[in-house]
Structure formats: structure tokens, C-alpha cells
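Got some structures for you, see below.
Below, chain A partners chain B and then partners chain C, in two separate complexes.
Let's look at the complex of A and B:
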């Protein structure tokens, strides 16, 4: 075990190295690029024995990663924003073919107009593609979640996207504890899940008739439902082994006796914790629910943790045009008919627009002033 | 109850032929009239034409009815005949029922 200063992208690379990935296929994109740079250095220095596949596009990067996984290798890649969009087709393939691929994603705003700044819109655009999605609040969690992602993926046989915000995390140094390799080996033994076999040739992703397609999709969704339990179990075991339990699908912070709950995911969680601390010290009954797993969506966990509050404020660093923030919409859906409470949701920080501690406190104030009627995805910070 | 299926959607080579989809959407099918040279087997994109005992043989379970074979045969040795007549279903080719 050692402690060092790492950026989020480097933390993802360390996670992949500790998970002993065997194949990485990559196409450069900012701000995820340093993760690939680190992995290639590990390989160059002989610290990691893996095949680095250079490809001509993000689409091919995931396709090569998927191919490696089908051949039984532990495979990993990194991307964000436009790269993730370009991969979309293969994202669906990877999930439908039930491959335990892990991909880190340094969330960045989507074009047009072109932006290189942080936002969660890229991950949200992939909300229906069948990948498990974890959001990390700091760089330590990026490293820990990358290792856990392989465990989850290989247990339920679904790919996992590990999200951390561009720049806010990808290019910010934080103190990160790097666990011992032997301990990670014991936590994550290499289990081969091989589909391609020269001794027993199979057609993969064959044309499937209406007699079977729907049943495959049912099984795939069942795997997602299984992940609801597995994500929590993996976090628990990881916590016991490494001393950091990031909790399962959600984490509640100072929710005891809370009347007003904040709900958000990603790097905003760290700042929301500070806001809660400050307001609590002033005697205000505010708590926080961190959404760690966005897919599968933690419906039951949210219902259980929010049933006693009378107001919920959701921060969405994404916009689903014509509907609002994805998280706000889904939280409202999960809570509908469960209790009489307000779910106020706000669109914040798009394309790198500042959304820090002060802004969080301003939104809380706005939300506190509302009565009865839900605020549905109001834009903050224009 | 959902059917029991392999985790990864896979199938053994040739399983498409067991439930031939092509033969249900085919509008025309080739009839080998006077097929003497073996070259045409190289053009079929679906492997429906092969050489069996020195002669061209057609597997209608694999044929999608594209007509490439008929087009490639410069001697008119292969002809395409209609598979369906409107909504009435399969129209059997004379002598092949």
C-alpha cells in the first residue's frame, strides 16, 4: 500500500493495472487521454503485461476491446464525449453479448457547439445501452471503482462504465491510496469467460428471430437486476479488504432526521457534502443522497432513503432536451406515489459552467423557497 | 417464462439453415436450367451453390434470391422464377413440387 498524488485519469489507469488487464484498445480523446498514456507507460516499463491495440477510431477501440473480451481476455478501454457517442453501436453489442468489459469515461460535454469542458451528458446519452454505470466523486473512488467494476462485470456478465468528470477529476491531483497488488489479486482472481473457441466454432451475434430476441433481452435485463444486489456486495467485500466502503448503489450522508435531501452524482457529491456540513451546523435539517450507480437505477434504495423527507433537490449536469435532467426525471419517477414530497430538479453546470459550493448553496435556498408544486428542471446559473 | 438461452447470443455455424429466414423473404428463386460450367458457385454470396459429384447443386435453405447467379451466367443456364404471387403464398415451380 502506498499513497501518492494522482489525477482521475491516472487513478483509472492504476485501477486497470491493478486489475491486470490483458488488452487495451484505445483512440486518443481529451480529457481521458492521460489514462491511456499511463497504461502505455506501465506496459513500456514492464509493470503491466498487456496488449496495447492502436486503432483508427473510438468505434474500433471498443470493437477491438469487445473482440478481446470474447476471446476471454480481461479487456479495458477509456473514452469520453464524442468518442463515447461514436462507440454507441458497439456499446450495445458489448452489453447484448454480455461481455465483462470495463471502460473509464472522463465525462465531457457533447458537441455542438464544440466543448471540451466537464458535464455528464455523455454518460446520460448512454442510459439505455445496457451498461452498468458507476459515478465517482473523487480520484480515490475512480481507482477503487475501476477494480470493483471488473468484479461486478465478471459476476453478472455485463459491461461497466466508470464515470469521473473531465478536468474536475481527470486533470486534478488528489491524494490516492494505491492498494497492494497481492490483495487485489486475491479480490479479483482472473476468471476466463471465453466465447470464441477454435475447437468449437460459434457464430457470435447471429441473426435472431422474433422467437428468441425478446427472451435474450429479458435475460440481459435480469442481469441488470442482479447487479442491484451484486454492486452492494462487491462494495462491502472491497470495504472489508481495503478499508474503503463506497457503499452500494447509493450512499446516504447525514440523512438522520433530514427534512430536505440533496440528490446528485459524480464530483458534485464532494461539494454537496460540504454544503450539508455547513447547513447542518446552522441547524438546518439537510442531508445528501449520493447516486453511485446510475445504471441499474437505484429505485428501491432511493425510496427507502427518501421516504421521511418532505423535499428533494436534484442537481443534473446534463439535459435531455424536451424533458429535463435525467436524474431529476428518474428520481421523480421512482418516488411517484410513495410519499407526499416535492422533487425539485435543477439543470446546472453544463459545459463547464461553474457549479461549486456557493452555487450549490444558492440552489438549496431557491429550492427551500418553493411550495407544493415540483420545480421541474429549472436552469440555474444562466 | 423466458426461454433458456446461452448467456452470449451465439449459434453453431449453419444454424441459420435450420430455420431458413432467407427462404421466407425470397421473392424469386433460381432454377438451374442448363447449368454446365462450375464457375457460378464462386459468385453466390450465401454459399447456396456448391459442387456435388461434379455438378452444380442448389441449397434453397441458404438461397436469398438475389439473382447474382442468374446474372453471372452468360449462357442463360440459370433463370429466376417468382417465389410468391402476391399474398397468396408460395407458387410452386412446375416439375419441382
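Let's look at the complex of A and C:
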């Protein structure tokens, strides 16, 4: 075990190295590219025995990663924004083929207009593609979640997207504890799932009729439901082994006696904690629910954790046009029929618009002033 | 070494129970290739007739691992498979991607050029029926000049893109054209591709009787006429050295073109122009 300063992208690379990935295919995109550069260096320095496939596009990056996984290797890739969208059909396909691929994503705003700044809209756009999605609040969690992602993926046979924000995390140094390789080996032993195997030939993705298709989809969704439990179990075991329990689908912070709960995901969580600390010190009964797993969406966990509050404020660093922020919409759906609480949601920080501690406090203040009628996806900071 | 029919394995690794039309040129190409590729082969096939006819629900016409990939990505998937096999110490498995003209020359070209440039040990096959048959026969970049397609009732106004020249320009150590009417020539080319430690490209003319509007029982015959008229040259480029592997008898191009329904709009002048260019091409002693 050692402690060092790492950017989020380096933390993802270290996580992948500790997970002993065997194949990485990658196409450079800003701001995720340092993760790939670091993995390439691990390979060239002899610190990681893996093959790097230098593909010509993001689409081929996931295609090659998927091919490697089908042939039995532990496979990893990294992308964000346009790269992730370009991969979209391969994302759906990978999930449908039930391959335990892990991908890190340095969340970035989508074009147009062109922006290279942080936002969660890229990940949110993939909310129906069948991948488990974890959001990380700091670089330590990026490393820890990357390792856990493989454990989860290989248990439920679904791919996992590990989200961390562009620049805010990808290019910011933080102190990160790097666990011992032997302990990670014990936590995550190499298991091979060979789908394309000359010793056991089979047809993969054959033309599927209405007699079968729906049943495959049912089983795929069942795997997602299984992940609800598995994500928590993996977090628990990881916590016991490595001393950091990032909780399961959600984490509650200072929710005891809270009347007003903040709900958000990603790097905003770290600053929301500070806001809660400050408001609590002023005697205000504010708590925080961190959404760690965006998919599967933590419906039951949210219902349980928000049972006793009378106000919920959601920060959405994404916009679903014509509908509002995705997290706000889903939190409201999850809480439907539960008590008469006020769910206010705000669109914040798009394309890198500043949304730090002060802005969080301002939104809390706005939200506090509302009564009964929900504020649905109000834009903050225009 | 010249292949003889008695040298070929009796076992059929592809084809039995396949869902293709009964005169499918693509299925014939697959059957011939598998005689050489053998059972230690993993094949990836992007969206195409060949992908759909290879398996239905829980049945497959392949006795080797067969993966029906998305349209744009078969060579990239194959790269990942090669990387995964290598890291596991498996070096005796052939990795093949097998696309139609769309999956190779058009929508699949980006992944193909990427894989070719990386020069990993694998083979990409383009089985070319000169139109998008899996969606009903629309025009592709491989559709020849003047040919009718389901979305063009006049005739293609531009020439067929020369994929063999493009792939040759990647500096590959093995590039070859082939035809299902010349099975031993085709199979020897697969042997040569397997012997190449880098990336190999084989482009097979595989007629589709429906798209070409010819009688089904004449699939092989028209594949042969394409070669003998000089319109589909059989050759290979091994480490930069180009060799014609079959000397055509140069029958009139009209004998190949005019019986096909897809060329029913072709003018006499156009046929003459094609004949002139073919005569000139072969007459210059390019061997």
C-alpha cells in the first residue's frame, strides 16, 4: 500500500493495472486520453502484461475490447463525450452479449456547440444501453471503483461504466491510496469467460426471432436487477479488505434527523458534503444522498433513505431536452406515492459552468424558499 | 504447391443447414474457404447475408466459433480476438473477418483500414456480390458502372471502387482477388494468406443470382464469365510482387454483361467502351 498524488485518469489507469487487464483498445479523446497514455506506459515499462490495440476510432476501440472479452481476456477501455456516443451501438451490443467489459469515462459536455468541459450528459445519454454505471466523487473512488467494476461485471455478466468528471477529476491531482497488488489479486482473481473458443465452438449473436428475443432481454434486465444486490456486496467486501467502503448504490451523509436532503452524483458530491457540514453547523437539518450507481437506478434505496425528509433538492449536471434533468426526473419517479414531499431539481454546471460550494449553497437557499409545488428542472447560473 | 481435390478435408465446417438462397455465391465462397482455414479458426462476420445465413436462434451453420458482429466493426473485433489469444499464449488459431462489399468497402471500411495498417496476423475477406443484397439489392461502391440496383433504375453512373488497389496501398504482404468459379485458385490464396504473419486481404467475386438477375443455376457460370471476359482479374500481390494467377481466355465482355438482367439498360456503345479498355489492359502484357 502506498499513497501518491494522482489525477482521475491516472487513478483509472492504476485501477486497471491493479485489475490486471489483459487487453486495452483505445482511441484518444480529451480529457480521457491520459488514462490510456498511462496504461501504455505501464505496458511498455513491463509493469503490466497486456496487449494494447491502437485502433482508428472510438467505435473500433469498444469493438476490439469486446472482441478481446469474447475471446476470454479481461478487457478495458476509456472514453468520453463524442467517443462514448460514437460507441453507442457497440455499448448496447456489449451489454446484450453479456460481456464483463469495463470502461472509464471522463464525463464531458456534448457537441454542439463544441465544448471540452465537464458535464454528465454523455453518461446520462447512455442510460438505457444496458451498462451498469458508477459515478465517482473523487480520484480515490475512481481507482477503487475501477477494481470493483471488474468484480461486479464478472459476477453479473454485464459491462460497467466508471464515470469521473473531465478536468474536475481527470486533470486534478488528489492523494490516492494505491492498494497492494497481492490483495487485489485475492479480491479479483482472474476468471476466464470464453465465448469465442475453438475448443467449444458456438454461434454468437445469431439472428433471433420473436420466440427468443424478449426472453434474452428479460434475462439481461434480471442481471441488472441482480446488480442492485451485487454492487452493495462488492462494496462491502472491498471495504473490509481495503478499508474504504464506498457504500452500494447510494451513500447517505448526515441524514440522521435531516429534513432537507440533497441528491447528486459525481464530483458534486464532495462539495455537497462541505455544504452539508456548514449548514449543519448552523443548525440546519440538511443531509446528503450520493447516487453512486446511476444504473441500476437505486429506486428502493432512495425511497428508504428519503422517507423522513420533507424536501429533496436534486442537482442535475445534464439536460434531457423537453424533459429536464435526468436525475431529478428519476428521483421523482422513484419517490412517487411516498409521502407528500417536495422534490426540487435544478439544471447546473453544464459545459463546465461553475458549480462549486457557493453555488450549491445558493441552490439550497432557493430550494428552501419553495413550498409545496415542485421546482422541476429550473436552470441555475445562467 | 498445387492443391488437388483429394487433398481437401471431407468435413464441411460451414454450410450445412445454412439459411442462404439455394444458389448463394457467398455460401459457396464460405464452404471453399473453410476447406483451407480449418477448425481452429474464429470468424467474425458483420451485418450481411453471410451473417444472417450463418445462424438462426440457437442453430448455427458453422462448426467453428462464428460471431455476427455489428456492421462497421468486424476487423476491429478480430484485432481484439487476436490480442486476447496472444495474451493467453494461443498462437495456432486463425482469425478471420469476412464482410460483404458494404462491410468491407463502405460502412466497414474504417475498421478495415485500421486493422490493415496495424498489420496484425489475420485475414479479411470481402465477398463481393456488387450490391447491398441483404437489404434487397441497393447500390454499393462495388456496384459496377451501368448496373441496375433496387434503388437505381437507370444504371450506376460511376465506376466500381478498386478495393484491391486500396488494400495493396496499405503495403500489405498479401493481397489477392479470387472467384468462386476457381476454387483451387481461391483455396491456394487462403493458404498463402495463412502463411503471411501479417494482415492479408482476399477479395472474392461471389455472384448473387437475385441481384444480378441471372438464373440461380448459373451462379458459378457467371463467376467464370466475369474472369474469362477479363472483367474480374485473378491475381495476388505477395510482398509487393504482383502475379496473375489465371490467364483468361478473353471471351467478349458482352457474353458476360448482356445476359444479366442488371445490365439490361447498358448501351451498345458502353459495351464497346468496356471491351476496348479490357483489350487494352490485357494487351499491354501486364502479367
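Just so it is clear, the second predicted complex is superposed on the first by the 382 of 382 C-alpha atoms of A that agree within 3 Å, B and C clash if a C-alpha of one lies under 4 Å from a C-alpha of the other, contacts with A are read in each partner's own complex, and residues count from 1 in each chain.
In this section, a residue touches a chain if its C-beta (ideal position, glycine included) is under 8 Å from a C-beta of that chain, and two chains touch if they have at least 3 such contacts.
Since the model is a prediction, treat every value here as computed from it, not as a measurement.
Participant: Would you mind checking whether chain B and chain C clash or fit side by side on chain A after the superposition?
Facilitator: With chain A as the common anchor, chain B and chain C collide in the superposed model.
Participant: Using the touch definition from the top, say if A:157 reaches chain B (first), chain C (second), both or neither.
Facilitator: first
Participant: Check the residue A:218 against both partner chains and state whether it touches chain B (first), chain C (second), both, or neither.
Facilitator: first
Participant: Which partner does A:57 reach: the first (chain B), the second (chain C), both, or neither?
Facilitator: It touches chain C, and chain B stays clear.
Participant: Tell me the contact category for A:25 with respect to chain B and chain C: first, second, both or neither.
Facilitator: The answer is second: A:25 touches chain C but not chain B.
Participant: Should A:208 be classified as contacting the first partner (chain B), the second (chain C), both, or neither?
Facilitator: In the superposition, A:208 touches chain B and chain C alike.
Participant: Of chain B and chain C, which one touches more residues of chain A?
Facilitator: Between chain B and chain C, the winner on chain A residue contacts is C.
Participant: In the overlay, answer first, second, both or neither for which of chain B and chain C A:132 touches.
Facilitator: Neither partner.
Participant: Could you look at A:66 and tell me whether it touches chain B, chain C, both or neither (first, second, both, neither)?
Facilitator: The answer is second: A:66 touches chain C but not chain B.
Participant: Given the touch rule stated above, what does A:101 touch, chain B (first), chain C (second), both, or neither?
Facilitator: neither
Participant: For A:110, select first, second, both or neither according to whether it touches chain B, chain C, the two together, or no partner.
Facilitator: After superposition on chain A, A:110 lies in contact with neither partner.
Participant: Tell me which stretch of chain C runs into chain B once the two are superposed: 2-10, 56-64 or 146-154.
Facilitator: It is 56-64; the other listed stretches have no clashes.
Participant: Would you mind listing the overlap between the chain B footprint and the chain C footprint on chain A?
Facilitator: 70, 195, 201-209, 212
Participant: Going by the contact rule set out above, which residues of chain B touch chain A in the complex?
Facilitator: Within the complex, chain B touches chain A at residues 2-3, 5, 7-13, 15-16, 19, 21.
Participant: Which part of chain C faces chain A closely enough to touch in the complex?
Facilitator: Chain C residues touching chain A: 19, 39-42, 44, 52, 54-60, 62-70, 72-73, 76-81, 83-88, 93, 110-111, 113-114, 117-118.
Participant: Write out the stretch or stretches of chain A touching chain C in their complex.
Facilitator: Its residues touching chain C are 22-23, 25, 49-51, 53-57, 59-61, 63-73, 75, 89-90, 93, 192, 195-198, 201-209, 211-212.
Participant: Give every residue of chain A touching chain B within the complex, in rising order.
Facilitator: Per the touch definition, chain A meets chain B at residues 70, 96-99, 157, 195, 201-209, 212, 214-216, 218-219, 222.
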